[in-house]
C-alpha cells in the first residue's frame, strides 16, 4: 500500500486558488464563534464582522487578478469567469449584509446562524462559479442551497416563510435528483466528471450526438434551470421569494441566480460548445417561455415582492437569450447583465423593504400609494431601479438588454430578440404600475412611514443606484472585463 | 451468478420503492425504504463497491433513516389525520410522466454505447479512500462545509427556542 | 462659423444637450418651499439654453450638407459605439424649436402647476435633454438612448400633473411608444451586425450606415421596424389613439412639448433614419405611408371637427397636420421634404400656441368643453386676437407659417403622388371647418354662460409667452427663407442620397418585378 | 417724376397695411380698454347701458381712425394713379413692370418671390380697388360711426384692401394666392363683424369655408402649373406656353386640368354655381363691406384670375366652354332668385352673383377684355347700389326688408337719385356704363368663336330679369305708399355727407365709367380694349389665333347693332313689367305667387340649395365624423389596443392560476419539463 | 462483471418510482423519502458505471450524494418539524398559502 503522496506546492496552489472561499467560510465560523461570546445587545457586530469578511474576500479576488490558477487536480479553477462571478456574488452578499443590518433589527434575524448561513451559502456559490468538475459544481450547488432553504424558512414563526422553505426545499431536492441523474448519464457516456476532460471528447461526433450524453446534459440543464428558475422549472420561485425574509429574497434573486448561471455558462460555453446546434432550440424555447410566463404573471400581481419574484423569472429568460447563441458576445452579455441585475434587483428589494414595514402585509402595492412625493429619495431610487429593470436608457439595465439581444440578433435569432423586446415592453407595464402607485395615486389614509434606513442600508442603496447609473452611461470597462472573462474561459 | 443476484436484489429494491411511494402511513414507507436501501447496498456489493455498500448500510440505512423515523414519531400524525391521498387527474398525469421518464431511461439504456471497461479496483475502501484524499480532496472539504451548514440550519429551524 | 472659436464650436452641442441636466441638478439643491425661486431658476436655465442654441443657428453654414459642430468621442470603443453629435439642416431647426419652446412652456406653468413644482421643473429639464439629444445624435445607439430618455419625464408629467384620466393616458402613452421603439432597437442591432458583415467594421455611426447598401429584402423588414417605431410616435393613423388621450390629460406645458417636439421625433426619425437607410423599401412603401398619411389628414380633421373638448380637438388636428408632414417627407423631393421640415416647425409653433391658448382658458374656468364657452371675444378681446391669429396659422392662411409648410408639402407631393395630394388637400378645407367652428363656438355669439362674463384678459406673463410664438408665426409665414435656406443643402443631399442609393440597389433587377416578388419569395 | 413712381409701387399695398398697423394699435390700446369697461359696466346696469352708450361724445381716437382708414387707401389710390400714368407713358408693348421685394418661398427648383407686377390688367384692378375702396372707406366712416368697435372695423377694412391689392399686384400665382386667401379672411372677419349675432358669425364661417373649397382647386392648379412649367411666375409661365405646347409637354388635357382647377378657385371666390351659396349670407356684414368686398372687389378676383390666365384658358376649349356655361347658368339662375327676395341687400347679392356670371361668360367666350370691363363698371354701379341700400338701411335704423319700406324718395333724395342711376346702369340703359360693358359681353357671347347663340339668349334673358328685379327694388323702396313702422318713420333722415358724397361720386362713375370702352360700332373708340390688349394679346398669340379680341370683325355691323337693340328691348321689357307689377297693379305679385305656390316657394327659398347642401354634405360629414370618432377611434382602434392589453392581462391571470400553491403540482411541472426535454433530445 | 446497462435500467426504474412518489403524494415525509429513492437510483448508476470503468469517481460521487442526502434529510426534516409546529399538518395541499 503506497502512502498518499501529497505535493505541497500543488496543495498550496490549490489553497491559494480557493482563498476567497476559505476567507468566507472562516468568517462564517468566526461569526458563529462571536455569536457565542457576544452579549445579546451587540448582535450588530455580527453583521459588521460578516461584511468585513466579505470585503476581505472581495479584495482577495481583485488581488488575485484574472489570471488562471487551477487547483485540486482540476476540481476548481480561478479564472476570469470565476473572478467575475465571485465579484457579482460577493457584491450581492455585501449588499445583502448591508441591508441586513437594518432588516435584522426589525425582523429579528440578528442571529449568528443567519449570517453564518448566508456566508456558507455564499461560499457554495463561489465554489459553483469556480468549479470545473461536475462534482465540485454539484457540491457547490448543494452548499449554496441548503443554507438558503433554511434562510427562506428563517422566520419559522411565519407560516409563509416556512411554507416557502418547504416548497423550495422539496422541489430543490427533487431537482437535485434530476441534476444528479444528468451528471450520472454524462459520467456514463464520458467516463469522467471533469469538464476539461469532456471537451476534447466532444470533438468525436458520435459522442456529441450520443443520446445518453445529450440526455445527461438535458437533465443537468434541468437542475440548473431550476436554480435560475426557468419556466417550467420556476414554480417554486414566487412562493419562496414571497415567503422568504426580504433580505434573503434579494440575496437569492441576485446571488443564487448568478451562481447557477455561472455554472451553466461554464458548462454550456465551454464543454458544450459543440452541442450548441442541438441545444439552441431547447434554450430558445426555455428562454421564450421564461420571459413570457414571468412577465405575464408579474403583470397581474398586487404584491410587490411577488411581482419582483415573477420579474426575476422573466429576467432569467432574458439572460438565457445570451446563452442561445453560445458565443463570446452572448456569454459576455449574460455576465454583464447578471452583474447589473444583482445591483438593480437588490436595490429594488431594498427600497421595497424599507417602505413595507411588515413581512406578509407591507408588500401590498396599495401600501406604496402616495410615497412618491412624501419620500422623494426612496421613491426616486425605486423608480431608478424599476426603470433599469424595465430596460429603459440611460440605465445599466438597458445596456445589458441591448447586449443580450445583440447576441441573439448577431446569430440570426431575430424572433427571439423580437419576443424579448416585446416582453420587456410588456414588463414596463408592471414596473410602471409601481410608479403609478407611488406618484400618481394619493394614499388611502395615512402615507406609511418607511423605516428610517441605517447608514449601512443607505450605503447599499446608493451603491446600487450608482452602479445602475454609471454602468448605464459608461459600461465599456465592465463590458470589456466580461469579454475578457469569457475569453479566458475559452482559451 | 451476478445476473441472478442482480435480478433478486433489483426486484427487492424496486418492490420496496414501490411500497414506499404507495404506503399510506409514513412509517410503513420508511421501513420499506430501509428495505430498498439494503437491496441497493447489496447491488453495490455486486459491483465491488464495498466501501459504498458499507456506508449505505451504516450511514444511510442507519443514521439517515433513524432520523426519518425519529421525525415520524415526533410528528406522529394520527392515522385518521393523515392526508387523504386521491389520485386526481394531475397526479395521474404525474405518474404517467414518471412512467415516460422510465421509458426514456430504458431507451437510453438500450442506445447506450459504453466506453471501454476496465477491471481496475474502483470501489474498495482503499481505492476510494485514496481518491478521496487526493483528487477529490476539495470535494471532501466542501462536504464538510455542507454538513456544517446543514447542522446549523437544522438547529436554527428545529430547536424550540432561540 | 469662423467667429466661433474651434474649441467652443466643437463642444457647443454637448453643452446644449447637457446644460439642462446641469440645471436639473441645480434644482435639486433649491429649497422646495420656494416654488417661485424654482420657477425662475428653471426659466433662466431654459433661456440660457436658448441663448446657447442661437450660435448654432446663426453659425450654421447652410451651404453644406455636412454635419456641423460635430463632436465625436469614443464611448464603448470595442463595439464602435461613439458619443457622436452634430447638426445639419434637417435637425437644426428642430433643435431650435425645442430650445425656443422650452422657456415658453416653463413660463406657462407659473400658475398652472402648483404642486410639486420642483419635480415638475426637473422633469421638464430632463425632457429637454432627451429632446435635444435625439435631434443631435448621429450615433444610432446614442440616438436610441435619448429617444427613450424622453419617455420617462413625459410619463411623469402626464401622470402626476395631468387631469382626470391621467394614469390611463400616461401608461397608454408610454406603452404605445415604447412598444414601437423596442422593435426599432432590434432593427438597429440587426443593422449594426449587417454593417459588420458587409464591411468588417463595428459601428453605430449613422453616417457610415448611410453608405451601406442593404439587400432589398432586409430593407423591407428594417424599414418596417423603424417605421413602426416612428409611426407610433408621429403618430400616424391608425396608431394615433394614444395622442388624444395623452394630450387631453397632460398639463398644458406637457401638451405643448408633446405636440411641438415629441411628435416631431417621429417624423424626424423617418427623415433621418428610415428613409435614407432603406431607400428602396421607403420608396416602395410610399403608397402605404402616403395612404395612411392622407387618411390621417382627413380622418384627423373629421374627428377633430366633432370634438367637444378643445384640447382633444387640437390633438386630433395634430394627427391631421402630421399627416401632412408625412406626406411631404414621402414625396422624396426637395419641396416636399423642406415643406415637411418646415411644417414640423410650424406645427410646433402653432399647435404649441393652441395648447397654450386652451391652457389659458382652462386656468380661468377649469373646463375645456367648447359648450361651456361662447361670446368670449367680448370679454377677452386680446385673447381672442391671439387665438384668431393662431387659428389662422393652424388653418394655413398665407402669410402665416402654416401656409408655407403645407404648400411646399402639397407641391412636392403633387409631383410624386398626384391623387394622394388631391385628397390631402381636402384637409386644407377641413382644417378651416374645424378650427373656425371651434373658434366661432368659443369666441363668437352672445355670452351664454354667466361664469364667462368676468374672465380676465391675457396677463402680461401670458402675453410674454404668446408674443414670441406670434412673431414666429408671421416670420415663417412672411420670410421663410431664413429657415429654408439653411436646410436646402442638407435636404438636397438627402434626396440625392436616397435616389442614388435606390438606383444602385435596384440597378440589376429585372424590369417589371412586382413588389411582392421583391420582398417575399413569391413564385408565379 | 412720374416714371420714378413705379419703383414705389410697393407703397400701394403697403399703405393700407400701414393703416392696419396704426388702426390695430389704436384698437388694441385705445378701443379695447373702453370696450372692456363698457362690457363690464353694461353688465351692471342692463337697461341704462344702451341709452347712454350710443350718445357718448365720440372718443378722440375715433376721429383719428376715421382719418387714417380712408387716408391710407386714398394715398394708395394716388400712388396707383401716378403709377398707372407712368405705365401709360410707356409704349404699349413695354407696359409691364415687375418689382421683386424679397425671395419668399424657395425650395429646390421652386421659387416664388414676393414680387409685384404692374401691367395694364393689374393697373385696372388697382385703380378700381383703391378708387372704389377709398370711396367706401369714406362712406364707412359715416356709416359705422355709431359702432363701438370702430377701429376694429377699419383694421379689417384696411387689411382687406391690402390683401386685395396683393392679389391683383402679385407677379406670380403664389402671391396672388396670398391675396386670394387674405381677402377670404377679411371677408370672414367683416361678415362676422357683429360676432355676437349667430347668423353673422355663421355666415362668416360659411364664406371662409366655401372659399376654401375653391382655394383647394386653385392650389392644385398651381401645383400642376409648377410641375408643368417649372415656375409659377406669370411672365415665365405665359412665355413658356408656346414652347411647351409645341413640344408636347403642355397637352390640351393638362391645360384643361390646370384651367379647370383654377376655375374651381374662381368659382369659390366669385360665387358661381355651385359655390355661390356663401355670398347671399355674406350680407350679414355691414353694408359698406358688402359694397366693397361682395360687389366691387373681392368677388371679382375670380374673374381677374381667369383673365390673368387667359393664355392657359385659351388652350383648352373644354375649359372655355365650362367657364362660359357656368357663367351663363349662374347669371340666369341667381337672377331668378333675385326676383323673389325681399331683403334689399339679398336682392343685390343675387344680382351680384348674376353679374359675376356675366363676367365669366365673357371670359368663357374669350372676351376677357369685356369681362374686365364689366368688372370695372359693375364695381361702380354695384358698389353704388350697395352703398345706397346702406344709406336706406341707415336711414331706417337697420330695416332691410323692402316690404317695410316705400316712398323713401322724398326722404332720401340723394340716395334715391344715385341709386336710380345705378339701377339704370345695371339694367343696361344705353349711355350708362353698364350698357357698354354688358352689351359687349352679349355681343361676344354671340359672335366669338367660343360663343354660342344659346349663351347669348340666356344672357339676354338674364339681362331682362335683372332689369325687372332691380326696378322692383327701386319701386318697392322709393315709390308707392310708405309701409314703414311708425317708430322707424319718425327717424328717417338723409345720410351725412361722408356717405352721400361717395354715393354721388360713384353715380358719376356709373354713368361715365363705360365711356372708355364704347364699341366702334357706336362710333366710339374702345380705349379700354386697347389698353388691355398687350395682356391678352399674349394669351391670344399662344392660343388659337386672335379670336377673343377681334372676333367682331367677322360679323356684319348691322347684326351687332341689332343684337344691341334687342338686349335693350329685353331690358326695357323687364323695367316695364316691374312698373306694371309694382306701381300699377301692386297686388298682382301676390296673386302670381299664390298662383304658382310651389314654384314661388322654391325660388323664394333659393331653390333650397342651402338645405340640399346641408343634407348632402354638412350633416353627412358631421354625423359620419361622429361615427368615425366614436365607432372607429374609440371603439375599434382603442378597442384593439385595450383589447390587447386586456388579453395580455387575461393571459397573465391565466398563467398565474397555474401557480396553484401545491408543491406536487410544481413538481409535476418540473417533471413535465424534464420529460419533454429528454424526449426532444431522444426523438430529435 | 455484467455490462452496466441493466443497472442503468434499474436505476431509471428506481428514479422513476421516486419521481412518481414526489409527484403523486401529499404527505411531505413520503415525498422526502421518494427523493431519497431518486438519489439512491442515481447512486446505483454511479456505482455501476464506476465499477465498469474501474474509476473511483463513481464511488466518490455516490459517497458525496449520500452526504448530501443526509444533509438534505436533516434540513428537510427540520423544516417539516417547523411546519408541523405551526400548522399541525404535513399535507402539502394544505400548505398553499402562497400561490398565484
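For reference, chains read A, B, C, D and E in written order, and residue numbers begin at 1 within each chain.
Operating definition for what follows: a contact is a pair of C-beta atoms (placed from the backbone, for glycine too) under 8 Å apart; a residue touches a chain by one contact, two chains touch by 3 or more.
For clarity, every value in this text was computed on a predicted model and none was experimentally measured.
Touching subunit B and subunit C at once are the following chains: A, D.
Of all chains, the one whose mean C-alpha position sits at the greatest distance from that of subunit E is D.
Placing every chain at the mean of its C-alpha atoms, the farthest one from subunit A is found to be D.
Between the interfaces A-E and B-E, more contacting C-beta pairs are found at B-E.
The central chain of the assembly on a C-alpha centroid basis is C. Each chain gets one centre point, the mean of its Cα atoms, and the points for subunit D and subunit E are 96 Å apart. Centres computed as Cα averages put subunit A at a distance of 30 Å from subunit B.
Centre to centre, using the average C-alpha position, subunit A and subunit C are separated by 43 Å.
One simple way to say how far apart two chains are is to compare their mean CA positions; for subunit C and subunit D this gives 37 Å. Within subunit E, residues 4, 8, 11, 15, 18-19, 22-26, 28, 31-32, 49-50, 53, 55, 57-58, 60, 64, 68, 71-72, 75, 78-80, 82, 92-93, 95-99 each touch two or more of the remaining chains.
Counting partner chains per residue, subunit A has residues 135, 139, 142, 146, 149-150, 153, 156, 165-167, 170, 174, 185, 188, 191, 211, 215, 238-239, 429 touching two or more of them. Among all residues of subunit B, those that touch two or more other chains are 91, 94, 97-98, 101, 104, 107-108, 112, 114-115, 130, 136, 139, 143, 146, 149-150, 153-157. Those chain pairs judged to touch are A-B, A-C, A-D, A-E, B-D, B-E, C-D, D-E. Contact residues on subunit A toward subunit C in their complex (touch as defined above): 372-373, 376, 387, 392-394, 398, 402, 405-406, 409-410, 414, 417-418, 421-422, 424-425, 428-429, 432, 435-436, 439-441, 474-476, 479-480, 483. Listed in rising order, the residues of subunit B touching subunit A in the complex are 104, 107-108, 111-115, 126, 130, 133-139, 142-143, 145-146, 148-150, 152-157, 162. By the touch rule above, subunit D contacts subunit E in their complex via residues 656-657, 659-664, 667-668, 671. Touching subunit D in their complex are the following residues of subunit E: 19, 22-26, 28, 31, 92-93, 95-100.
Partner subunit D is touched in their complex by these residues of subunit A: 166-167, 170-171, 174-175, 178, 211, 214-215, 218-219, 221-222, 225-226, 232-233, 235-236, 238-239, 278, 281-282, 293, 295-301, 426, 429.
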